[in-house]
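What follows are several structures.
After this come two complexes, each holding subunit A, first together with subunit B and then together with subunit C.
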Partner chain A sequence: MTRYPPEGQPPDIIIRVVCRSLVPFIQLFGLYVVVHGHSSPGGGFQGGVTLAASFVLLALAEGRGALRRHIPLGALNAFASAGVLLYAGLGVVCLALGANYLDYGPLPFAEPRSVGMLVIEIGVGITVMAAMLSIFRDMLEF
Partner chain B sequence: MIGSLDVVLLVLSVVCAVAAVQVRDLLASVVLLAAFSLFMCLLWTELGAVDVAFTEAAVGAGVTTVLFVITVYKTDRVSRD
Partner chain C sequence: MKLLHLVATAVTGLLLIVGSLDLAETGDPAAPAATHVSPRYIESGLEETGVENMVTAVLADYRGFDTLGEVTVIFTGAIAVLLILRNGLKGEEDEA
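Our next item is the complex of A and B:
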């Protein structure tokens, strides 16, 4: 297969401009999907995959080195762990407030169950995004 | 009306699945798999499982296609068996 971008040449200007201008809209949509996960189709997993796909598109447009330059592996690992920590941590907070694990009832918000689900979705979204990106990055580096 | 749409989507997805297995060029196979994902996504939507359809569109057509393309790029484009 022919390489893209060709050896020693910058990426094509049309592909770069189109992909770079699409990326913010995809990311906004991903955030929308994560945040509205409890009331409409979507959720943490789908939103995280959409966010990861935006970075994959950026990497495809800019060439192989872009992902390595912009997103260090340590940051991906940290994000993947932070999402799990957010998920499990909310469960522990619920335990500390006297309820069951992940029972959002006693959280100090006006609508505790909605807020609890939102935090869970954000945690799942962060972890899925980081895991997908690190799979993609490892496959590129292999 | 909606029943015939079901039949069309099912036939198209079966055609894409069989073609993806039969074709020799692995890059074409990956593209056919993405098309299969698209038809499955439309089928899930038609059945009312919007959440599953969303996952199918994001994962099936989006991420796995990219991963398969990278795999083909790293290995070999033509199937030999």
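Our next item is the complex of A and C:
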């Protein structure tokens, strides 16, 4: 097994350009899967993994240093925690509004249950994306 | 002592096998799982949650607490990998 890019050489221009132009579309699709989980197959888990995959592709194309330079470990840990916090926090908000834990009924929106689910899907997406990237980065460094 | 373990394992295994004989057939429409909660999810899921996707409605609303646990499992996995691998990297830590 040889490493890409080879020691001391810059990444291949063709691989770089192709991957770089693919990444925005992958990320857009990931966001679509997260946000559209209500009415089509998808949701936080799948969308989060898709988003993480776009960054992994970027890291593979640009070399190991790129991910390290652009995405600090602290930020990944913060995002992974923030997603769980968003999810659990929404449950506490429901409690404060007088309902059961994670019962979205009394949220102040026109369709409270739909909005509640959207919020937790976003929380799931953030956590899954950050956790996948964090594991990937830890393995790269190892 | 080893014999005791063997007996305990064999008895537990036998109990599980005997118990599994009474399980409903896969996909049996008369099974208890298909006659109690499933019709409720299918019939009133849309009006109770306002979400067209039945899977999401069950996952994120009816069983939201379960999904919270799943997210926590993924989070814990990342933290575990972080702790195990990054301890091996002590000394070559980057500024992040």
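Keep in mind that, in the parts below, the second predicted complex is superposed on the first by the 142 of 142 C-alpha atoms of A that agree within 3 Å, B and C clash if a C-alpha of one lies under 4 Å from a C-alpha of the other, contacts with A are read in each partner's own complex, and residues count from 1 in each chain.
Following the convention adopted for this analysis, a contact is a pair of C-beta atoms (placed from the backbone, for glycine too) under 8 Å apart; a residue touches a chain by one contact, two chains touch by 3 or more.
Quantities reported herein were computed from a predicted structural model and do not represent experimental measurements.
Of the two partner chains placed around the shared chain by superposition, subunit C is the only one that A:Leu73 touches, whereas subunit B remains out of contact.
In the superposition on chain A, A:Leu60 makes contact with subunit B only, not with subunit C.
Once the two complexes are laid over each other on the shared chain, residue contacts for A:Pro41 go to subunit B and to subunit C alike. Ranked by how many residues of subunit A each touches, subunit B and subunit C are led by C. When the shared chain is aligned, no partner comes close enough to touch A:Gln9: not subunit B, not subunit C.
In the superposition on chain A, contact of A:Arg113 is made with subunit C only, not with subunit B. By the touch criterion defined above, A:Thr127 reaches subunit C but does not reach subunit B. In the superposition on chain A, subunit A positions 41, 43, 45, 132, 135, 139, 142 are in contact with subunit B in one complex as well as with subunit C in the other. Within the complex, the subunit A residues that touch subunit C are 37-41, 43-45, 68, 72-75, 77, 80-81, 83-84, 87-88, 91, 101-102, 104, 111, 113-114, 116-117, 120-121, 123-124, 127-128, 130-132, 134-135, 138-139, 141-142. Contact residues of subunit C toward subunit A in the complex are 48-53, 55-57, 59-61, 64-65, 67-68, 70-72, 74-75, 77-79, 81-82, 85-86, 88-89, 94, 96. By the touch criterion given at the top, residues 27, 50-51, 53-55, 58-59, 62-63, 66-67, 70-74, 77 of subunit B touch subunit A in their complex. By the touch rule above, subunit A contacts subunit B in their complex via residues 1, 33, 41-43, 45-46, 49-50, 52-53, 56, 60, 132, 135-136, 139-140, 142.
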